[in-house]
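Here the structure comes first, spelled out in C-alpha cells, and everything after it is commentary.
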Amino acid sequence: MIEDNDIILKQAARVLTPFILIYGIYITFHGHLTPGGGFSGGTVIASSLILNRISSGNHGSGPEIDRMMGIASIALVCYGLIKAMGTFFPDFTHRVLPRGIPGDLLSGGAILPLNIAVGFVVACVMYIFFCLIGEEA
Amino acid sequence: MKRITVGLLLGAMLVVLLSTVSEMPQFGSPSNPTHNYISSRYVGKSALETGAVNVVTGIILDYRAFDTFGEATVIFVAALAVISVLARGGRSGD
Amino acid sequence: MSSVVHLANNYIYIASFTLFLIGFSILLLNSNLIKKIIGMNIMDTSVFLLFISQGYIKGRKAPILEGGGSVNPAEYVNPVPSALILTGIVVAVSVTAFLLALTVKLYNLYGTVDMDEIIEIRRSVDGNS
Amino acid sequence: METVRNFPVLIIYIFFIGSFIQPLVRNVRISLLLTVAISAVSSAASAAVVYYVRTNGDFLFDVAPWSAPWGIELSIGTLEAFVIAVICSVGTLISIYGIGMVEKEIPARNIKIYNALFLALLGSMTGIAATGDIFNMYVFIEITSITACGIISVKDDKKSIEATVKYLVYSSLASGCILLAIALLYGITGNLNIRYIHHHLTEVMYLYPRNVLLASCLIIVGFGLKAAMFPLHFWLPDAHSSAPTTSSAVLSALVLKAYSVGLIKILTGVFGIVVMSLLPLKTILMYLGSGAVLIGSLLAMTQSRIKRMLAYSSVVQMGYIFLALSLFNRTGFTGALFQILNHALTKTLLFLSAGNIKYYTGKESIEQLKGIGYRMPVTMAVFSVGALSMVGLPMTSGFNSKWYIGYGAIEAGKIGVLIVIVISSLLNAAYYLPVVVSAFFRRPSPGDEIQQPVNLPWFTSVPMIVMAVLIIVLGLYPDPVINFISGAAKIF
C-alpha cells in the first residue's frame, strides 16, 4: 500500500517509537503506584509496534504473527505459574516477592511480575489483532 | 408494521427499566449499600496487605486475582480465534 | 412526587438504561454486521457506566492513596467497580475483535456484510448445488 | 486428605496453563496427545474431588490468601463436584476420539489452536461450575462463549463461519443481560460473593423489590439464551450442525450443561427459595420446558440431515432439564442432574458416530443411511444404543432420567408434566428409531453398494464403546450415582 518514497513517515516513526515505547513500559512498571497497569501499558506498547508496522509498509505478517503468539504464550505461562504459586504456596511467594514499602518501585509483591506478564500479552495480542484485521482483503 | 411493534416493545421495556431506576439507591450518596465494610477494607488495608498504592491494581492483581487470570485467558483465546479465522493460507473457502 | 425527584437525581442510571436499550435493539434488529458490533459496544459501555456510577461518592477522590501514614477510607471512592470494569472492557474488546475478524472473513467469502444477503446467497447456493 | 481441597483450583489451572502451552508445541501429534493427557489428569482429580465430597460433604476454598467477601472463593458441593466430574470425563473421551478425527476435519494450521481452545473451554466450564463469585462466573461465561465460537469457526468453511457469527452475536447479547443483572445485584447488596449476596438479599429484598425482579428476569433470559432454552434456541441448529464432529459433541453435551448449572447455582444460591417463589418461576420453566420438549421433537422430525436432527434433539433434552427444575422437589432435581449426565454421554455418542459415518462414507442425510449397519457395524451398534437411550428404553440411562423426572412430577402433583414426558418419548421414538431400523433392516439403495465393513482405528472406537457401556451400566444400576446426586437436592 505504501510506496518507498515516504521518507518523512519513516523518519518520524523512527523518532517517535522509542518515546511511545518508554511511556508504555513506564505505565506497565508503575501499575501498582500510578493509575495504569498491565492492560493500559500493553496497549501503549502495542501502539508503538503498530506505528512501526504502518510506517514500514503493511507487508505479509505470517511468521511475525507466530513469533508474537509465541511471546504471548510464554508470558501467559509465566503468569499462570506465578498465579498458581501464589494460590498454593502463599507464604513462599511473600518471601520470594516481598511486599516492600508501599510507595517505591519494587514494592507490589507479586503485582509487578504479573503486570509485566500481562503487559507483554496485551501488547502481542493487540499487535496481532491489528496485523490480521488491518491486512487488505 | 414491524417497526411499530418493535417501538411498542422497546417503550414497554423502557418503562419497566425506568420504574426500577426510581427505586434504586441514590446516585453518589455515601450511604449506598455498595460502600460497606468490603470497599472500606480494600481502601484501608491495601497498602499494608498488598503493598500497592493504586488500590484498583491491588484489587485486580491480589484480592481478586482469579478474575484477572480468567481475563488474560479471554485475550489469549480471542487472539487464537482471530488467527484461526484470518491467518494467511485461509483461502480454502468452501 | 418523591419518586420523580428520586428519578431526576438518578439521571445517570436513566442514561445507562436507555443506552442499554438502544444497544440491545441495534444488536437485535440490524442485519448489517458492522452495525451489530457497534450496537454491542453501546450495550457493553452502558453496563459499564451503570457499574461505575454505583461506586461513585460525591466529593471523594480516586482510589490512589497519597503517601504513607494512616489512610482514611472516607476520603476515597469505592474502588471495586473500577476493578471489575477493567475486566469487562477487556472482555468487550476481545469479543469485538473476534466479531470483526469473522465479518472480514464473511466479506471475503460472500462479498457482503449484510446477514440477510448472506442467508439468501447461501440458500441460492444450496438450492442449486 | 486435605490436599484434595485445592484440587478444583488445580484442575482449572492445569486446563488453562495447558491451553497456554499448546501454541508452543512443535508438531500436531504431540498437541493432540497433550490435550488427552491434561483432560485425563483433570478427570482423575475430579474423581478425587467427588470422593472427598462424598465423605466430607461440601467445602469452600479461598483462591487468594484472603477470605470470602474480599477474595474469590470456590464453593464445591455435590452439584459442583458431580458436574466437574461429568465435564472432565466426557471431555477426556471426546479428546481421545479427537486424536483420529481432528486432523480430518480441521485445516492443519488450525489444529494446535483447536486444541488450545478445547482445553480453555473445559477449564472455563469447570470454572463456571466451581466458582462461588458471580463476577468470576461472568468471566468464565465469557471464556466459554468465545471458545465455543472459536471451535466452530476453526473449521474455516462458509457455513461454519456464518453459524459462528450468529452464535457469537446472540451469546454477547446474553452476556450483556447477565452483566446488567450482576450490576443491579451489586448495586443493592454491595458484594459479589454468592453466599453474601443471598444473605444481604433476604434483608434488602423488600426495599428494592423491582430491582430483584428485574435482575432475576435478566439472568433467566441471559442464561436461557445461552443454554438454548426453548423460545431462544434458534441459533443452535446451525451452530451445532456445521461445527466439526468433536466440537459439536462438546457444544451439545457439555457447554449447554455448564450454562444450565450456572443458572441453577445463581437461582438457588443468590436468589434462594424465598425469592424464587415470589416469581411465577415454576410456571415459566414448566411451560418453556414442555414447549421445548414437544415443539423441539416436532422440529427434529422434519430434519433430513442427521447432525441437524441431533442438534434439535439437544433442545429437547435441555427442555427435560428445565422441566425437571420447574418441579421444585428433590426427585425432580435428582432427575435433572441425572439427565445432565445421561444427555452428556448419549449426545456425545450420537454426534461422534454421526461424524464417523460422515467421514468414512460421506453420507449426511438420513435416507442415505440405508443398510449402513453392515458397512460400519461398530458405529451403528453404538449409535443405536445411544438412540435407544434417547428414546428412553428401560435398559438404558435415558429411561432412568425420564423415570426420576416423571416420579418427581407425580410427587409434585403435576400430571401434565408426566403426560408431556410420555408424549415426547413417543415423539423421540418417531425420529430416532427410523434411523436405526433403516441402518440394519433395509437393503442399501442400489446406487451406493458398499462392500467390506470399515475397521476403525482403536482411538476412534474405544471411547464410543466405553460410552455405550456406560449408558447401559447406568441404565441397569444407577444407584451409586443417584445416591450421590440426591445429596445435592437438599436445597429443595
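Which chain is which? They are A, B, C and D, in the order written, and residues in each are numbered from 1.
Rule of thumb we're sticking to: contacts are C-beta pairs under 8 Å (C-beta built on N, C-alpha and C of every residue); 3 or more make two chains touch, one makes a residue touch a chain.
These numbers come from a predicted model, not from an experiment.
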Chain whose average C-alpha position is farthest from subunit D's own: A
Comparison of A-D and A-C (more C-beta pairs in contact): A-D
Approximate Å spacing (C-alpha centroids) for the pair subunit A, subunit B: 22
Subunit A-subunit D separation of Cα centroids, rounded to whole Å: 37
Centroid spacing, where centroids are CA-atom means, of subunit B and subunit C in whole angstrom: 9
Contacts with two or more other chains, residues of subunit B listed in rising order: 17, 23-25, 32, 34-35, 38-39, 41-42, 47, 49, 53-54, 56, 60, 62, 64-65, 67-71, 73-78, 80-83, 85-87, 89-90, 93-94
Numbers and ranges of subunit C residues touching at least 2 other chains: 20, 54, 64-65, 68, 80-81, 84, 86-87, 90-91, 94-95, 97-98, 101-102, 104-105, 109
Residue numbers of subunit D (touch at least two other chains): 16, 20, 23, 63-64, 135, 139, 142, 146, 149-150, 153, 158-159, 161, 186-187
Interfacial residue positions of subunit D with respect to subunit B in the complex: 16, 19-20, 23, 63-64, 66, 69-72, 107, 109-110, 113-114, 116-117, 120, 123-124, 127, 131, 133, 135-136, 139-140, 142-143, 146-147, 149-150, 153-154, 156-159, 161, 184, 186-191, 200, 204, 208-211, 214
Residues of subunit C touching subunit B in the complex: 3-4, 6-7, 9-14, 17-18, 20-21, 25, 29, 53-58, 63-65, 68, 71, 73-74, 76, 78-84, 86-87, 90-91, 93-95, 97-98, 101-102, 104-105, 109
Parts of subunit A lying in touch with subunit B, wherever the complex brings them together: 31-37, 60-62, 65, 69, 72-73, 76, 79-80, 83, 86, 99-103, 107-111, 114-115, 117-118, 121-122, 124-125, 128-129, 132-133, 135
Residues of subunit D that touch subunit A when the two form their complex: 6, 9-10, 13, 16-17, 20-24, 63-65
Contacting residues of subunit B [partner subunit C, same complex]: 6, 10, 13-14, 17-18, 21-30, 32, 34-35, 38-44, 46-47, 53-56, 59-60, 64, 67-68, 70-71, 74-75, 77-78, 81-82, 85-86, 90, 93-94
